[in-house]
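You will see chain A twice below: alongside chain B first, and alongside chain C after that.
Moving on, here comes the complex of A and B:
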């Protein structure tokens, strides 16, 4: 069931009505049933995978919780208090080790499933990767690790764990939420509140606007260029950079808007996944604004644990004594970052293009960090570097860099990707591409005009958002003005959206990951 | 105070929603195909609703009825008041539901059904579905017809709100979309789509062998329903096969229709067997190489069939009905005007339609 299908809209309508009609705890059961219905509608076999993840994460988090709680209880009992300091430490370590073993076993099962399914899915076209497996796996492991860390209590109610893992708006493409971020609103029955409903629906509408009016409209042009880079080089490759980056943004943020909006209608708060990423002045900032929940996941569950691990401590010590204090600090950062970006690449897909993409991000970020002292000197020396104009220049520079990096999504062949990148500078054809060729790639003048206006609207909304949330600001407008804005958006989606017969129902790009 | 604010809010939301719906309704009207420039055969089903429902004979079927029979000749020569409810590639179930709908409005003496559509047992093309279904008034018959006709890629909601189907036309609007925004003229004469031009029947494609010549269960099911409905309503169902040379009407198909008619005591006329008696000359009487008849052919066939209707089916003349006569007088004038117009266009080298 695609977010952009009539079936999904019908499903939501029935769900919203039932959610507010049903009493108290029945709402939670309804959400679980609805989430499984949504999930199983994409294939009954997918239920097996999400079922295994749910059961293993539930069981092992309980084991971990019991082990740690048991150890704590024992140590605070008269018997435990009677132990010596060393004995207490030994008891504690034993419990921790047991909990670590449980956690590691559960992680191995789930990462194993993810790796096998994604590898097979890459190698054989007849094997379908279960919907959102990359997303719900990370989400469920975050809960398991939090229980192990003691920052989250093991949930005894399997229905709650099942709902946390399968909550339908998040299974398709995130946001990858932590248990602590969802539990306060997900497991609480909400009463009807007009603000939640109107905010949620407005957010969804804007998501559909991005997805249907921009992303799916531009997708025809992107696919045409990708299909034949021999013909479409040079200026066309440059067009591809811009069109794909716009498509990806509208597609992914649009999907997330729909997800967050759908949850918001029922009063459920989901963490944000974007914060105007194309306003970033550096790649480092970009990764704080783009796919925030994924970045946080890798930071919290890979980067930090690796950085503070014992073996990393040894490396730090070794490099510090052999290459000096500075390198002693930097090498562990390089290693941790390398692992994070390698895994981020692999998470997006089992393929060299994704690995290369991850490692290029790593290389650029590390080089930028090393050059920071130089940048600081530059900013102190040249006052213009602190002006708004220079900030805009940095945004454009970062945007172009991101456009190039995004090309790795378009081609599975790394050599081809670099060749297309090179073609932007050496391939010529700019006069041809911008002198009419742009209308020969499956996009009409009307398509480009509509997408262009829609992009300007999205840009303006992002600008307005800088001061205060747009929906809050809309509340200050007169009712007729709000009606025009929301009604106009609705009409724009219906009339200018790319959907129905004649168009392929486009999957969201991030469904693939 | 709070109650007043809530009431104000609700009123504002309702007004906003109504304006949005109105704007969408207007846009829907704008983007719906008008079928007034290239393809004229898409909006004919709607023309029936403006008619006074008092017909003796109603033809139901595909292009083989609406291009091959002239109700004007049936009236002028036999005093038979007839109407054609046909659309392009109209499938049997669509014909059944049009028949059902027609019988809600009136009780003609006979329903004439052209059996070529029996070759189709499943939904075919969305474009043709639209031509038949979009112009039907909303009723249980329309709903059932949509459900029976939808191809795999279609959605019922797109029939309820056609803007969901035709929204992409917003970038391809033509002058006709604005010109015929509020109203558009009839393109048929009591359902007859007239063509005066001539394109002789040459090089008719050879029929290809079929793996199975039996009509499908679904097609028979709806033909049965049509027969039973007509029986129930006391209306005679007459089966015909118009004398179009192509698509090919196989002897095996003809045999099945004969058997069916015999089994249920229906009249079945295969006019392909009567081409000489009708006086059809396919070097003169067709405008598209034998697929459909032109004006001359349609008038010959109508004359021939009128005789059958009167003498074999007992449909008497109503020529002395003054109200009908007055109506037909106007219709005949429009009919003759169209003939002149088409000949005029032909002389100028323009498209006839």
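Moving on, here comes the complex of A and C:
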């Protein structure tokens, strides 16, 4: 069931009504049933995978919780208190080791399923990858690891764990949420509040605006250029950079708006996934603003654990004693970052294009880190580098860099990607592409005009929300003004949205990952 | 506390750690510093820090870092 289908809108309407009609805890059961209904509607076989993940994560988190709690209880008992310091440490370490084994076994099962399914899905077109498996696997493992770390209690109610893993707005493409971020609102029955409903619906409407008016409209042009890069080189390749980056942004942020908005209608708070990523002045800043929940996942569960591990400590000491304190400080972060970006690459897809994409990000970020002192001197020396104009220049520079990196999504062949990148500079055809060719890639003048105006609207909304959330600011406007804004957005989606008879509703780009 | 201040001064001598309470939020400590800091704290104070301890609340000031060390020492006792 696509977010952009009539079936989904009908499903939501029934769900929202039932949610507010049903009493107390029945709302939670309803959410679980609705989530599984949504999930199974994309294929019954997918239920087996999410079911296995739910059961294994539930069972092993209980084992871990019992092991750690049992150890704590024993050490607090008179018998435990009578032990020497070393004996207590030994008991603690034994419990930790056992818990680590449980955690590792469960991670192996779930990462194994993810790896096998994604590899087979890449090799054979007749094998479909279950909906959102990359997203719900990371989300469920975050809960398991948090239980092992002791920052989360093992949940005894399997229905809550099942709902946390399958909550329908998040299974398609995130945000990848931690148990601690969802539990306070997901497992609590909410009473009807007009603010939640109106805020949620407005957010969803804006998401549909991005997806249907911008992303799906531009996708025709993107697909045409990708299909024949021999003909569409040079200026067309440049067009591809811009069109695909605009499409990806509208598609992914639009989908997340729909997801967060749908949850918000029912009073459920979901973490944000974006913070105006194209306002970033560097790639480092971009990765703090784009796909925030995925970045936080890799930071919390890969980067820091690897960086501060004992074996990394040994590497740090070795490099520190052989190559100096500076390298001793840098090497562990380089190694950890390399691992993170390699894994981020293959998480997006089993293919050299994604691995190259990940490692290019790593290389650029590390080179930027090394050049940081040079940048600092530059900014101190030249006062213009602190002006607004220079900041805009840095934003545009970062945007262009991201456009190039995004090309790795478009082609599975790395050589072809680099060839298209080179074509931007050497392929010519700019006069042809911008002198009329742009209207012959499946996009009419009207398409480009509509998408262009819609992009400007999205840009202005991003500018407005720098001071305060746009929906909060809208509350200060007179009612008639709010009606015009929301009504206008609704009409724009209905009139200019790409849907209806003859339209092949496309899945969200990030659902492929 | 002196040992901790010595480690912190080794990372950023220009910072006044007596008053600074935004080491993470203000971007003074980056990932390189955090990893170095955690490793040196583990070596100096003989405590084990977990990745779950690396949150801004625990690293925003010298006082917060010291409180974390004390908590870990108590847990290990």
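The criterion applied here is as follows: the second predicted complex is superposed on the first by the 513 of 513 C-alpha atoms of A that agree within 3 Å, B and C clash if a C-alpha of one lies under 4 Å from a C-alpha of the other, contacts with A are read in each partner's own complex, and residues count from 1 in each chain.
Definition applied: a residue touches a chain if its C-beta (ideal position, glycine included) is under 8 Å from a C-beta of that chain, and two chains touch if they have at least 3 such contacts.
The shown structure was predicted, so the numbers you read here are calculated from the model rather than taken from an experiment.
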Q. A:157 contacts which: chain B (first), chain C (second), both, neither?
A. neither
(Q) By the touch definition at the top of the document, which applies to A:329: first (chain B), second (chain C), both, or neither? (A) second
Q) Does chain B (first) or chain C (second) touch A:300, or do both, or does neither? A) second
(Q) Contact-wise, after the overlay, does A:487 reach chain B, chain C, both or neither (first, second, both, neither)? (A) first
**Q.** First (chain B), second (chain C), both or neither touched by A:94
**A.** neither
**Q.** Which superposed partner A:149 touches (first chain B, second chain C, both, neither)
**A.** second
**Q.** Where chain A meets both chain C and chain B, residue numbers
**A.** none
Q) In their shared complex, at which residues does chain C touch chain A? A) 31-32, 34-36, 38-39, 42-43, 49-52, 54, 76-77
Q: Name, in rising order, each residue of chain A that touches chain B in their complex.
A: 6, 194, 444, 446-447, 450, 479-480, 482-484, 486-487, 490-491, 494-503
Q) Considering the complex alone, what residue numbers of chain A touch chain C? A) 85, 89, 146, 149-151, 300-301, 303-305, 307-308, 313, 316, 329-330, 332-333, 336, 369
Q.
Which residues of chain B touch chain A once you look at their complex with the stated criterion?
A. 8-9, 12-13, 15-17, 19-20, 23-24, 27, 31, 126, 153-155, 157-158, 163-165, 167-168, 170-172
